[in-house]
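Shared between the two complexes below is chain A, which pairs with chain B and chain C, respectively.
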Partner chain A sequence: MSKPMTVVLGVIGSDCHSVGNTILNVFFTEQGFKVVNLGVMVSQEEYIAAAIETGAEAILVSSLYGHGEIDCAGLREKCIEQGLDDIILYVGGNLVVGKTDYSLVEEKFKKMGYNRVFSPEFPLEDMAELLRQDIRKRRQERENKD
Partner chain B sequence: MGDYKLSEQEFNKIRNEVLQTWPTGAEVDFDEAVEYQKAIPENKNFAKVLWKAHKNGVTLLQPRAGVALIKDHIELLQYLESEGEADLLPTTIDAYTRLNKYENAADGVEKSLAAKTSLLNGFPAVNHGVKGCRIVTESLKVPVQIRHGTPDARLLAEISLAGGFTSFEGGGISYNVPYAKKVPIQKSIDDWKYVDRLVGAYEERGISINREPFGPLTGTLVPPCISHVVGIIEGILALRQGVKSLTLGYGQGGNLLQDVVALKALKEVANYYFKKEGFEDYELTTVFHQWMGGFPADEAKAFAVISWGTAAGVMAGADKIIVKTPHEARGIPTKEANAQGIKCSKQVANLLQGQNILLGGRYQEEFDLLKREISDLMDKIYELGDGDIEKGTVAAFEAGTLDVPFAPSIYNNGKILPMRDNEGLIRIYNKGSLALSDEVMEYHKARLEERANYERRKVSFQMVTDDIYAISKGRLIGRTK
Partner chain C sequence: MKTKTDSQQLICVDIGSTYTKGALFALKDGKLELLDRQLSPTTVEHLPDGFYSVAKKLVPSQDWKRPDYDHDELPVFFSSSAKGGLKMAVVGLVPDMSLHIGRLAAFSAGAKVYFSYPYKLARKHIREIESADLDILLLCGGTDGGNEFYVQANAEKLAASSFSGTIIYAGNSTVDEEIEEILEDKKLVITENVMPEFGELNIEPVRTAIREIFLEQIVAGRGLKELVNKFDSRPLPTPLAVYNLAKAIGENVPGWDSFGMLDIGGATTDFYSFCESFDPDSSDSMLKGVAEPKLKRTVEGDLGMRVTAVSSFEIGREELVNSETLSEDEALAMHEYTEKVAADTSYLPDLPEEKAFDFHLGGICARHAVTRHAGTMKQAYTANGRVWVQTGKDLRKINKIIGTGGYLASLGRENKALAVPQYEDKSDAISLVPTDYLYYADTQYILPLVGNLAEKYPKQSAKLAIELLNQIKIKD
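Right after this comes the complex of A and B.
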């Protein structure tokens, strides 16, 4: 059996929406990931500290209350500062205030350094599969470097 | 019956500190506030109006509403009173005040003035002070309640009660576990002891102030036994501090049988535990919350959910129903949409008023099951607390024998998972460390197996997810596509 895939999970900023977080926690655990769930109201520093401590391969960021753009900006840069250059960053939820075309939202968050951006309707099984693929790819790239 | 009352000395010591946490605290003069409250007519006193409705078997309707500025807030409430026909009014408090961030709230008031619209999601009562609160309560004909979600509401209670509000929602568990991440249970229980003692002090001076623990908790598939136990605990803690007018709440589940059973059992079981704790002199009423989970975005569909909630609440014999609006799926409603929600509810409530519902079939079976579940949970709390409910509650959360589903608090175990059975009743799929007996859990499992067989899939977490989104997608139960 290969090494378990560790991911850090949490709702960013001052957001206390805990229902979806619970769903994701149970879902990814059932899918065989080792989930480090930080719960709600998580700061960028807390995600990074948890990722370093657990050797996580991905950080999964949720935001539902509309302030996602402010809360999520700068996380990639902080990761790089802390030596987590190639960590996988996912973000999903209701990321901006009001209804906006999701492709615009996706573009905006990809520019911020997030590898993948998910709408609330995105099927969880598909997300888990993408996550497995991305982690395998990252492991391969790291091996190639060595 | 031990003496749990916060001593006058201790209370005054805390009061001196609390009133200094924001300049408007200086406006509070308790003796003057008592005289002010005494002059408020009975038909504007929340406790009295609610008790009268209870005795007459009438169900009252109350919306949620609050904006940043005094003038706009009054306009909104007056509209809900006249056009919306609200029996009782709210003042919903903004998110900054709930976190005691009065500076941010002050900034929100400034920015709202400049923007000529509310940039806060509620009324910052602390910032507006005693004077501002009085302008609001004096502008209305019906009683007004403070509704919020504040773990430490001591200053808010001092200012709003001196400001003429006659009811105060919340409690040490129900305004912590679903609303905060890092507030220890003992801390919020202690802070709410202060609020209840303040209400008790008003009662001792002849002023009735209504207290309402927040029944629905996270509003997401909460099994009735869990919210009932929290309500009973907060009720006992309030009575210990001298509260007399108590309203216990329950959030609609969606299955009519379960909802009627739940509200009827809540009254019976609460009275049992209150008497067991030595209390006789109190007025217990109930509140039923229309569906607290995700709503359909389509307004016609939303009205159907609102109507169904009203029907269930009236049939269950609730003294009060908290109503939703057709804008629920989109966030904060306009005043027009808010009034529509009340009017729709009133029409249904009027049609049903006085009708007797014959409840046969499995009514008694479900009633007995719920009582059994509550007694399982309560027994464990008394056991962990060596007979004391407060000590037992803190220990029960720590051990996870009491556990609220989907709550953000790190002091909540968060292991229990609920889901609907084949008729839509909320059952428990994973009990975590919840202190429910094997016999009870076997029943829950059997009911869930029934659904799984019907849907030709295994009982799984996917069902929980499907159930959470089901009503917003037009169904009660999250069936496979």
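Right after this comes the complex of A and C.
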């Protein structure tokens, strides 16, 4: 049996939308991931502390209240500072207020260091598959380095 | 054969760094009673001598040196904090997570934590560990199945060091065997992870391990084996006796389900809290981080009345001056006073201003020990309105505080209470310290001795402890 894929999950900032978080928790657990769910109103420091202690391979950040841009900026830099250089960062939800072209949103968050950016319409099954692929790829890259 | 009588006498002895204290108790009709209390200087070169001297004062008719001591007739309980108490270092991973939980485990086993290191041990940390003469090092970090890099890297460094105390490993259990291999040349005890799942506390296995190591190795090293064998008694680190008593009081005495206990010593200040750490029914607040235990002990190594008087004063100086409790001149005089008492640690104040300095010093120790022990709460505004985000333990439900230790006992004998001073706080986080409480002084400084009985007689010892306290009104 291969090592379980551990992911840290939570809703960032002063955001207390807990329904989606609960759904994601149940969904990714059913998909075979080991989910460390931090719930709502999670700070960047909390994601990182959890990722270090649990040896997580990815952090899944949700933001639903429109302040995602402010809350999410700087997480990649903090991860690097704490030695989580190559951790996979996903972000998804209603990342900005109003109707903005999604490709612009994606570009903005990718610049911040997020590996993948998801709109609320993105199918969860596909996301789980991408996550598995990304984690396998990261494991491969790590092995090659050693 | 021993005939069972309805009255049994018991002896408790606490071997402190300066004094060996003893008390004679009677257990009659299911009730404990204090009969006598004695003390003698601690005999550092051979601790049993001071022990016998106290025992003889308590029960002169007993032949204490006879080899076939009848411990059913007069049971002996004892604790020790001589020779620096139980000295530990904690090596964890993230400061607020595994390292924090590791420290809680060490404190709740009665230890003093000399060093706490997160992440990877640096060379200078190894040097500090090597030169500190520590009894135990607790190595933890990583949830089960989680991070395995740091604990192994730190184990490698410890393996290469000259550290000769016992290492307890209580980190990610996935690498238990690797750790065992890396540390094969060290004294090693492996227990369950202090944090098996993220944010989950599991401190009992480490507490048990510390207790066993104290009995098997440290007690012998302190020259107490003789007493263990003779009296068939398992000694406790003194703070553990107090911890057990706090537990017994909180669980057994009506009206004492939320209380604190402050022990200001010459070198350190201990605070114990017994209360729920978070109110889960509260609709507008949420808890972040570790849910702390109902009974929590912390020890501050830089707060104390004598050995650490200078550092204590430095910590509180600004508050005393800013609140106009002290003028600049008085602050200078107090600084000189703290240097004097740090050099002459048995000094007892004579002049009224010196007594006032000691009182301020006690206030600093109390305030900072309690503030560091307590959690904080911050306001956050969300789309659903305002919420309070709590981290750490909420002590606001505490409605009684016991003052113990040499200084608070003597202050209590003058019928003076030491309230935890409050100053205006400008930070955006609210400190969750107790604000409205009754004060009780352990004027006879008897709690460590009563605490020796707390495991075997929880109800009786808790009741007696409360009877022996003196309630003192806090002046506004």
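In this text, the second predicted complex is superposed on the first by the 146 of 146 C-alpha atoms of A that agree within 3 Å, B and C clash if a C-alpha of one lies under 4 Å from a C-alpha of the other, contacts with A are read in each partner's own complex, and residues count from 1 in each chain.
The rule is simple: a contact is a pair of C-beta atoms (placed from the backbone, for glycine too) under 8 Å apart; a residue touches a chain by one contact, two chains touch by 3 or more.
Keep in mind it's a predicted model, so treat the numbers as computed, not measured.
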item: First (chain B), second (chain C), both or neither touched by A:E141; value: neither
item: Chain B versus chain C as contact partner of A:P4, first or second or both or neither; value: second
item: Partner chain(s) touched by A:E53 [first = chain B, second = chain C, both, neither]; value: second
item: Chain B or chain C, by number of chain A residues touched; value: C
item: Partner chain in contact with A:F27 - chain B first, chain C second, else both or neither; value: first
item: First (chain B), second (chain C), both or neither touched by A:V36; value: second
item: First (chain B), second (chain C), both or neither touched by A:C16; value: both
item: Where chain A meets both chain C and chain B, residue numbers; value: 16, 40-41
item: Touching residues on chain A, where the partner in the complex is chain B; value: 16, 18-19, 21-23, 26-27, 30, 39-41, 124
item: Complex interface listing, chain A residues touching chain C; value: 4, 6, 14-17, 34, 36, 40-41, 43, 46, 49-50, 52-56, 65
item: Chain A-touching residues of chain B, taken from the complex the two chains share; value: 179-181, 218, 220, 405-408, 410, 414, 417, 461, 464-465, 468
item: Residue ranges of chain C touching chain A (in the complex, touch as defined); value: 93-94, 96-98, 141-143, 145-149, 172, 195, 198-199, 286, 288-289, 380-384, 387, 389
